[in-house]
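Okay, got some structures for you below.
There are two complexes below, and they share chain A, which is joined by chain B in the first and by chain C in the second.
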Partner chain A sequence: MGRRAAEKIADISMLSPAVLLVVVFCVIPLGLAIYLSFTDWNGFDEANMVGWANYKRIGSDRDVHRAAIFTGLIAIFGTLGLNVFGLGTAMLLNRNTRVNRFMRFLAFSPFVLGAVVLGFLWNAILGPRGAINTLLKTWGYGSIPFLSQSTPAKISVICVIIWASYGFHAVLYLAGLQTIDQSLIEAAVVDGANRWQIFRRVKLPVLAPTITVNLTLAMIGMLKVYEWVLTITKGGPGGRTQTIAYEILSVAFDNSWLGYGCAQGVVLMVILVVLSVAIQIARRKSEEDVAA
Partner chain B sequence: MKRSGVLGKLGHLAGVVALSLIMLVPLYLLVINSFKSDAEIRLSAFALPGDFTFDYIVGAATDPKFNMLKAYAVTLFLVVVVNILSILVTGPAAYAIARGRGMAYRAIMLLLLGALFIPGQVTLIPLIYVLRTLGLMHTLPGLFLTSTGATIPTTVFLFSAYIKSIPRDLDESAKLDGAGRYRTFWQIIFPIMKPAVATAMVLNVVGIWVDFLGPRIILGPGSNVRTVTTGVYAYITKYDTDFSKVYPTMLLAVAPVLIFYVLLQKRIIGGLAAGAIKG
Partner chain C sequence: MRTAKRSIAILTGAVLSVGFMAGCSDDKTEGSGDASATATAAEETTEAATEEATEPVTLRMLANVTPVLTEEWYQEWAQPWLDAHPNVTLEVDGPTAEGVEQQFQQEIAAQDVPDIISGGMGKTTASQLVDLSAYDWATGDIPGTTYNGDNGVIFGIAPAVQIQSLVYYNEDVWTAAGITEQPKSLDEFTEALRAIKAYDSSIIPLLLSGEWTTQAEVNEMAVPSVMGSTDQLAAIADGSLQVADSAYAPYFEAVETWVAEGLVSPDAAAITYDDSLSMFSTGEAATYVMGAWAVSTINELNTTFTAKVMETPTPEGTTGHAQYGNPAVGVYVPKDGANVDLALDLAKYLTTDTEAVTKACVVEGNFAKGVTYESTPLGEEVNAIYGAASGLVAVDTALPGFMDQVGVPVQSILTGDFTAAQALDELQSWVDQNRG
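So, the complex of A and B:
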């Protein structure tokens, strides 16, 4: 046996454990999701084929529609908010000073502390008997229904999610800002450009690829929101803040409608892929302008 | 120029103050309310504690209804096992990919990285099906293997990028000395890639610490083996009416990872940006 063949075999044995784990725990489940979405699997018994029944049920399930609308709202306002505040924070903290480094540390901290505990913390702050409402009461004001009425609860959830994740996007934007050639900015200053013109004409075009990455990551993250809703509002009031992920993992799962949950997952996955591709296509022009 | 300089400084100051308030006030509430009674929290959540006592924190740490120390131990154990498995599995794979020439290696890299874009929310229910079939549902090995699988995409990316920056001459001379592929990797290459290993480990520690769905679903909601995150969830959903239990429990849940973050902030923030941008 030649040396090359021996190396090939070594390579295969080096690669196979990693490939096996990813295939068994990521790729096969994705394929199974499609299969199970056409069954009535409840988690225990045999799965029976039911054709398109689960998908038809999505079409007539008003709770799922409501969840889809709220998920869409989170995706739109969350993606916008995360990118506006992420880029804003990155511009604010771009210079590498001591204060700015500490601020980056603070902005990023929710990512490390985790959605479950921070969600409970915001529940304890915004809830009907939470920190803010008790303060308002001692000052003699009425309470604000942050979590107890539909629209305020939706706004609260979206705001907390933006609070928790803008730091992550700020870090990505900071990395993008570091790549800007300083001489470009100096040349613009010499030409008499003001701050806004430098931002609009010099920085923003160079950041185009970073913006694409941030839009895509934010959008994917927003479509998957689950733990925040679970801990801030438990989906309430009256199910008004349930998301698609909540429908899948709490409603379908708790009722043993696992086949139905899979069908919702497949629809979510399709939406995710379509939107990701759409962002890439929409952003292609901006990115080409940079290359040119 | 001068005027815009002053304005810029004022704007920066205003931004920094606003940002600090919005990030620090929730953390301030988390800390101070861990030292107060339920009545005191409901009376004035923002005020400093009247008399300073560790009773509530000790109470939360020793509550018989939720063994926080055991949850620490379970989470730590999970973190250690998954990190070791992840490095054992991903190291050689990343080496083979970084040194391999040809389409097959690129295809495998794409397969491993592609897994990053599959949302866990979609694959979780079918994952139960897979684990049932393998007899791993409701078992710790099931959780170890799924968690390890989840770390592979980012880790393989970080490792192979780093190995590519190591000159091939090192491999060649090891080969001339008669070392095989595995020995070359573990004895020559692996010791050089400490920075990449450290970054991957730090990211995996945070990822595993905050993971809720994995342990919750795989071990089962009724399981008495609980990580800090799933344990705190089960506890607070039950006792959320008593703030003198809620606040200290949350503080204990974030304290270890907060200390970890303070010590390793540069690596966490930097590693994450590198992983996300190029991936």
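So, the complex of A and C:
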């Protein structure tokens, strides 16, 4: 056996576990989901081919439309909120002092605790008989319908998601800020630039790659929101806080329409891929602009 | 040296690959149930397995865990059988999904099938469960009832039945509000709620709640009419009846009236089941629509007022109407469980043994043939309503998910997003969308 052939075999054999993992846990399930999306499989009985029926049904399903609108709202306001608060916090906590280190820990800690624990906690805080409304009642005020009316429930879910996740984005922005060459800032100061000009003309362009990474991660994360809805509102009231991910699991398992759920999953996946590619293209362009 | 390193690398890669494939393979060899077995063969298999089982075995039960049906209760329910099978331990799991049916489906997908299930499941799952029609103990004169699938299949058995179309009320508040007679029609019921509000506006006249309880409350009220003279659910499912023309309509309209007049809590759509029990029991709300299982919790919470119960009002004001009933504490044995024969033996015990059936009745105020037990005054009232009812209507619609879906547009009435007409249209849209 030649040296090159032996090296090739070594490469293949070293790669094979990873390739197997990807094939077994990504490629096969994805292929299966695409196949099942063209069937009426209920999870138990034989799957029958139904052509494009499941995809046509998505187009006329009011629950899906409602879920898509709320998911869009989460994606827009969540992505904006996470990045504005993340960047703002990073700017405030950029200097490496003891207080700032503690504040960074505080900002990041909700992300560590996770959605399920915090979701139930916020449900207990915001519910009709939760901590806030109980206090208000004790003080003689009426209750605030945080979770019992559609719009406040939507706002509550988005705010909790932003509160719980902005710390993660703040850490990414902090890492980006700390890579900025101080001589650039000093040169800008010498040139008479004020704080806003330094931020706008020096820091922001250098942070462009970090911003695109944060935008991509936030957008994808927001489009897949499930646990927050499950734990805070269970999709209610009246299904008004259902997201696409929640809707998929709901139709697939609660109603035993796995074929239809798979079709919704495939559509969501396509949207995620398109958005990710679009953001990557935007990122590349912004990096090229910075380099230029 | 480099050749040796390369050889080690090749070997390591190969071992990891093979190991990974081996880990993924399914070497499950243990028993799966044969639904087509003859009665005799099935009984023999069960007996043989019971006698031979001396190795330590853990049976996993997926159970509908509620504030009343706790994990401890399930253990206690099975304890005499466990005492007779010292090698067997029972592990009770509550569902993390919406209910046991949905959880069972997820567990099948994960190839982690429970040995035995207790709760409510529909026909959709029948193909995954042992057909009990092959077993004498499940087909004779049983204390409870069976879950019947197509072609004579019995996919589950319940030790008892329960009734649901009940309205609990705070007699002290009702009397003080001048309500001297139990309202029979929906209009009379609404008048009674108005009287409560006029008496004391700090009390919630009618407790409607959110999550799954919305659909439970509306169905508990509507099903006796929906399933009255004709099976309107079947007509809705086959498209011959529009939801807006069904007996659901007057109840949706009543909810709209109650919301508009402030006769239900403005937070109704987010009140949980546990909170609703507590709000009625502490006197925060004067009237509460819920099934017979609420009796035990209301008794346990020691209300400071006299709690009474009556049948749900109907649009026409009929009394002694059929009760929305369903099998209680149903038991099912999955075909692909690891210990099918032992699970069948446990199912037989839980659904036919007098002590087990009595426990299943007492815990939720349920009913079973030949079982009598001492009850509380509130429980006795439920017994009287059951005795006077013209029958028991069970629901097994051809539209999976319909009963749950009823609560979604009703919640939108509670939030003020929909009128009754819009909610009925929304439900109709769902039916059209999901009709097979």
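Here, the second predicted complex is superposed on the first by the 277 of 292 C-alpha atoms of A that agree within 3 Å, B and C clash if a C-alpha of one lies under 4 Å from a C-alpha of the other, contacts with A are read in each partner's own complex, and residues count from 1 in each chain.
As a convention for this text, a contact is a pair of C-beta atoms (placed from the backbone, for glycine too) under 8 Å apart; a residue touches a chain by one contact, two chains touch by 3 or more.
Predicted, not measured: the structure shown is a model, and the values here were computed from it.
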Just to be sure I read the superposition right, which of the two partners does A:F253 touch: chain B = first, chain C = second, or both, or neither? both
Applying the document's definition of touch, where does A:P145 land relative to chain B and chain C: first, second, both, or neither?
second
### Task
Mind working out whether A:V24 is in touch with chain B, chain C, both or neither, as first, second, both or neither?
both
The answer to whether chain B or chain C touches more of chain A is B
(message) Looking at A:V112 after the superposition, I want to know if it touches chain B, chain C, both of them or none. Which is it: first, second, both, neither?
(response) first
*Have a look at where A:A10 lands relative to chain B and chain C in the superposition and call it first, second, both or neither.*
both
> Which of the two partners, first being chain B and second being chain C, lies in contact with A:R57: first, second, both, or neither?
Replying inline: second
For A:R129, is the partner it touches chain B (first), chain C (second), both, or none of the two (neither)?
-> both
Item to complete: Examine A:W196 and indicate which partner it touches, taking first as chain B and second as chain C; both and neither are also allowed.
Response: neither
Shared chain A footprint, chain B vs chain C, residue numbers 6-7, 10, 14-15, 17, 21, 24, 43, 129, 253
Contacts from chain A onto chain B in the complex sit at residues 6-7, 10-11, 14-15, 17-19, 21-33, 36, 41, 43, 88-89, 92, 99, 103-109, 111-118, 120-125, 129-131, 134-135, 138, 163, 168, 171-172, 174-176, 194-195, 210, 213, 217, 220, 223-224, 226-227, 230-231, 245, 248-249, 252-253, 258, 261-262, 265-266, 268-269, 272, 276
Note: in the complex, chain B contacts chain A through residues 4, 8, 12, 15-16, 19-20, 22-24, 26-27, 29-30, 33, 41-46, 88-90, 92-93, 95-97, 100, 108, 111-112, 115, 117-130, 145-146, 148-150, 152-153, 156, 180-182, 185, 206, 209-210, 212-213, 217, 229, 232-233, 236, 240, 243, 246-247, 250, 253-254, 257-258, 260-261, 265, 268-269, 272-274, 276-277
Counting only contacts in the complex, chain A reaches chain C at residues 6-7, 9-10, 12-17, 20-21, 24, 42-45, 57, 60-63, 127-129, 133, 143, 145, 147-150, 153, 233-234, 236-240, 253-257
The chain C residues in contact with chain A across the complex are 3, 6, 9-10, 12-14, 16-17, 20-21, 24, 97-99, 102, 105-106, 108-109, 124-125, 127-128, 210-211, 265-272, 275, 278-279, 400-401, 404, 408-412, 414-418, 426, 429-430, 433-434
